[in-house]
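Here chain A shows up in two complexes: once beside chain B, once beside chain C.
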Partner chain A sequence: MNIKRVISRGLFSLGLPLLILILLATLPFYAPGYTAILLSSIFMYVVLTVSWVIFSGSTGYISLAPAAFFGVGIYSSALFGNELPLGIVIGIGGIASACLALLVGALTLRLKGIYFAIFTFGLVMLIAHLLLFWEINITGTRGRFVVLVDYNTIYYVMLAIMVVTLLTSFLIRRSKFGSALQSIGENEEAAVHIGINVTMFKVIAFAISAVFTGAVGAIMATRWTYIDPFIAFNPLYSFMPVLMAIFGGMGRLYGPVIGAAIFSYLEEFLITKFPYYYMLIFGIILLVAILYLPDGLVGLVQKLRRRITGGKYANTGR
Partner chain B sequence: MRILEGEGVTRYFGGLAAVSDVSFHVERGEVAGLIGPNGAGKTTLFNLISASLAPNSGTIKFKGVNITGRKPHQICHMGVARTFQTVKIFANMPVIDNVRLGAFFGTSSGMSAAEASREAAELLEFVGLQAVSAIPARDLTLANQKKLEVARALATKPELLLLDELMAGLNQTEVAQAMQMIRQIHDRGITIVMIEHVMTAIMKACDRIIVLHHGKKIAEGTPQEIASSETVINVYLGEQSYAGG
Partner chain C sequence: MVVTILDVAIGGIMLGGIYALIAMGFSLQYGVARVLNIAHGEFIMLGAFITWTLYTVLGINPLLSLVIVGPAIFIIGFILQRTLFTRLRTSSPSPGAYEASSLLAAFGLLFVIQNVAILIWGADIRAYAYLSVPVNLGGAIFAANRLVALLFAVVIGVVFYLFLARTRMGKAIRAAAQDAATAGLMGININQVLALCFGLGALLAGVAGLLISMTFSFQPTMGLEYTIIAIIMVVLGGLGSIPGSFIGGFLLGLIGHIVTYFEPGLTLPSYYFIFTLLLLVRPTGILGK
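Right after this comes the complex of A and B.
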């Protein structure tokens, strides 16, 4: 392979993310306020999707638990937001979610396939209803107010969480830990017989993905100001990461990122432009994507690249 | 010295005793064969040894240590590796990564990335797959996928290797190659237990053969003894009877 190509690729893969990061970090100084608000929603979805892919993308266990972890983060903010500084509240959100993931993971990761998906979805419902019961019968409230934080702070915190999530995902993908997770997705029985402690690896990956989901929930809550159990534990936040990851494609790190970015922008755009037809259009786009882009946008990009280079570099794996 | 020893090993599936009160042993350094008609419980016995399944009763000892109740990855770390009747490879990973994972995780002490890569490359050469090390494992032929499974198992540095129907589905040439591979693995000082239906292969390769039928051990001995044993012949060919008259 020629050296120029390697260097230019290196610059591309290091320089481009850095450039985007600088642009994003300085954005609130020159862009209208709405852009920052829109972008922090996009960041939230990127974090939800990338952290979902950390666990489910590699191991093949479809988790519908993100809404549970997200909700735990939201409630951490509602409970401690008034007394503690924001950074600690976000930390509590992340750690509480991870603890829930460790507990649930240790109990249920022996379930396979659809059973695991259904159980994790049930978890979201269970927590929402338990919480509602508690709030009504014990604390005598229904919802809670969350402390207000200004938009720029939310923007930067979201950006920071997103950068950490992406870095973590990047490092996991290249590590021994990542290839162990990959092997579980490929063939769990073979993985366990070559000495991989699959239960431990699965539970840890599940917990890592929960940390970021919980943290992002804690900061998002401050934008909503009022929450109740069904706002916090909205199943939509379980399904969106799955759809976004499929739309973007899970083969590469950038897949879930652009999947989440385009999807959440699309949602915002359709809601404002076509409030009555938005769900309909959304559904059609999703169907078309699943039918014609089985490997998501990543697959499309790879197919195009292969066509441009005339198949010369086709099928080199990675 | 006995490297592997089972006593009264029993496993039920519902009401059916897949393996029933089987006691067996494997000497260090030998090639032992495990034969029997379909459904005799051979693979179940492998699953019990490698801890895919737990026995309902009985104990299994490896190097004198009771290993019943341990987890499969612990059994692997202790030095027992296996292959599968239907190949279980990491299909979408490159061939070399399949083996490298075995080297990474197969020993309890672990290995550095460079060491694991070197080990993997060497093992691929050993089984004759060095030319295809970069392609995805799913693109290999069945014979090569089976070789890959063996290389991956060897990467975990086993003292005992369980081969489950290595030769099923292979043609004459491939069977001959597999036979040679088994001899070479044996030369490395690794004890082998193999399940096989290819009789010529098992008679040539094994020092000792254990015969299972309906979950019970019905015979045990050298290939000559097994070949001339009346019980074994009855099981495989049916009992001799007088037709008509």
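Right after this comes the complex of A and C.
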């Protein structure tokens, strides 16, 4: 019976994602255009959140830098979008973000976690100010236009980046590298003592998470058409992934995905009509989630499941 | 030339006075209560807006409203620590976990306070004129409100330092800062002391906001930038050291004012440059251990 359960579970966990992927890949053929636009926003947040969890979820170091990487991606698109093909522009966005992450990581990740959180907190504003200074005083411009890309291309590129991000996150969770990150999060000193080069592992994980954030920024920029330093480097894109990850729960891969999906859907409806109420609700949900749902929706689901199965086992007399 | 130097130096010290209050408040909240209060700037904003409302609607003198703004914001901070952060602290498995979860909770607070403020006061930039008569200091000319702000900042800072250094309650706070668990064993009501610290930190932010509202323009979204500045000042002085944060505040105010004189666009980057240098050379700050 146990073997049967394992097999059916294996089929379930492989088959369901595959089915969803096929549905999503064929979506533009049967769904109205608006659905694809909405879904690409959701994909964007899924990538931002899952890549945040790759680093912060396991190591426990709170990164408030996603917006910086996102902005670097956006600027790569603005700078090179006219001359280079889309794929290369996205690659540049990812690599440039990773370089920034390596630099910031090498600077702060050898220190206590609090310095890292502090440094990344202001990083976004720093880059926005520097860029604005540069644009006003050196290039004499303010803001740029980004080359347009049609919605279906954006949709497919977004989908592809999301699939790669999820796969990477899945593989890291299963690998020795992932276990090392996990052990850093649980007890960093112990991790040092069993021979893990903690600084290197942290910096690499940080850079990996930056690649996807930068890539998704590069493609998202093509939908916005006009950007300036303060549009591209908006601290909100640092805060959203944190909320979505905490609300969804970081214990399982699907937690951040669900968190991101719910919030981006909410945002789509609320932010245009009641922006301030939306942000207020956002803050309240974050507080409630931290206080009452320390493991997010995933933790809630697991608790419920345990209660149900626990009851069943008790009835069968095991 | 001399006048220009005097102009920049005095202006810097004036800004530094306000910054020092902000830094001390932040340091108290992190150093003792262990909350990296990312919402610190929001309390500054609240202080500024409450003062503005009292002045424009009820005609209350901004300096007089110190006795309203201070206690009001103190109570908000005190209650927050007693309810939200105490709950988090007691349910966190380790001090490290508490540091992370309280940071995230402060994050949530930032959004709640900022957006409530926007709903109440609107998103516009505000300012009012109070004591804006010019005063001549050896050739350099300043508005009287700036001098008053500096005077208040220094007096409040010194009173506060004496409170920490000389009183019994101050001693309890210092003990809690060193080791909260042991301080609790020595008979200090630790929840009360931490709540007091968080409340006092918020109070200092609120008073700084009051002084800022007299001299600068302000808006509901201004908090984030002040929080970044506060964090850098506190790292500069040494994380957890209250006298250090006072010095760090003055120093950064002075540097910031000098940079602003030459190139306003580079003020924040210059703070960050100092921060980066500090992380590379001496992460413990000026007075840190």
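Some observations on this one:
Keep in mind that, in the parts below, the second predicted complex is superposed on the first by the 285 of 318 C-alpha atoms of A that agree within 3 Å, B and C clash if a C-alpha of one lies under 4 Å from a C-alpha of the other, contacts with A are read in each partner's own complex, and residues count from 1 in each chain.
To be clear about the criterion, contacts are C-beta pairs under 8 Å (C-beta built on N, C-alpha and C of every residue); 3 or more make two chains touch, one makes a residue touch a chain.
All of these numbers come straight from a predicted model, not from anything done at the bench.
Looking at the shared chain after the overlay, A:Gly113 reaches chain C, while chain B stays out of its contact range. Put chain B and chain C next to each other and count what each touches on chain A; the higher total goes to C. By the document's definition of touching, of the two partners only chain B reaches A:Val198; chain C does not. In the superposition on chain A, A:Leu171 contacts neither chain B nor chain C. By the document's definition of touching, of the two partners only chain B reaches A:Ser179; chain C does not.
Contacts of A:Glu189 after superposition: chain B is touched, whereas chain C is not reached. Residue overlap on chain A between its contacts with chain B in one complex and with chain C in the other: absent. The part of chain A that touches chain B in the complex is made up of residues 176, 179-180, 182-183, 186-187, 189-198, 317.
By the touch criterion given at the top, residues 60, 62, 107-108, 111, 113-115, 117-119, 121-122, 125-126, 129-130, 132-133, 136-137, 235, 239, 242, 246, 276-277, 279-280, 282-284, 286-287, 290-291, 294 of chain A touch chain C in their complex. Put simply, chain B touches chain A in their complex at residues 50, 52, 71-73, 76-77, 81-82, 84, 88-94, 97, 100-102, 104-108, 113, 134-136, 152-153, 155-156.
By the touch rule above, chain C contacts chain A in their complex via residues 36, 38, 84, 87-88, 91, 96-97, 99-101, 103-105, 107-112, 114-116, 118-119, 224-225, 227-228, 231-232, 235, 239, 263, 265-269, 272, 275-276, 279-280, 283.
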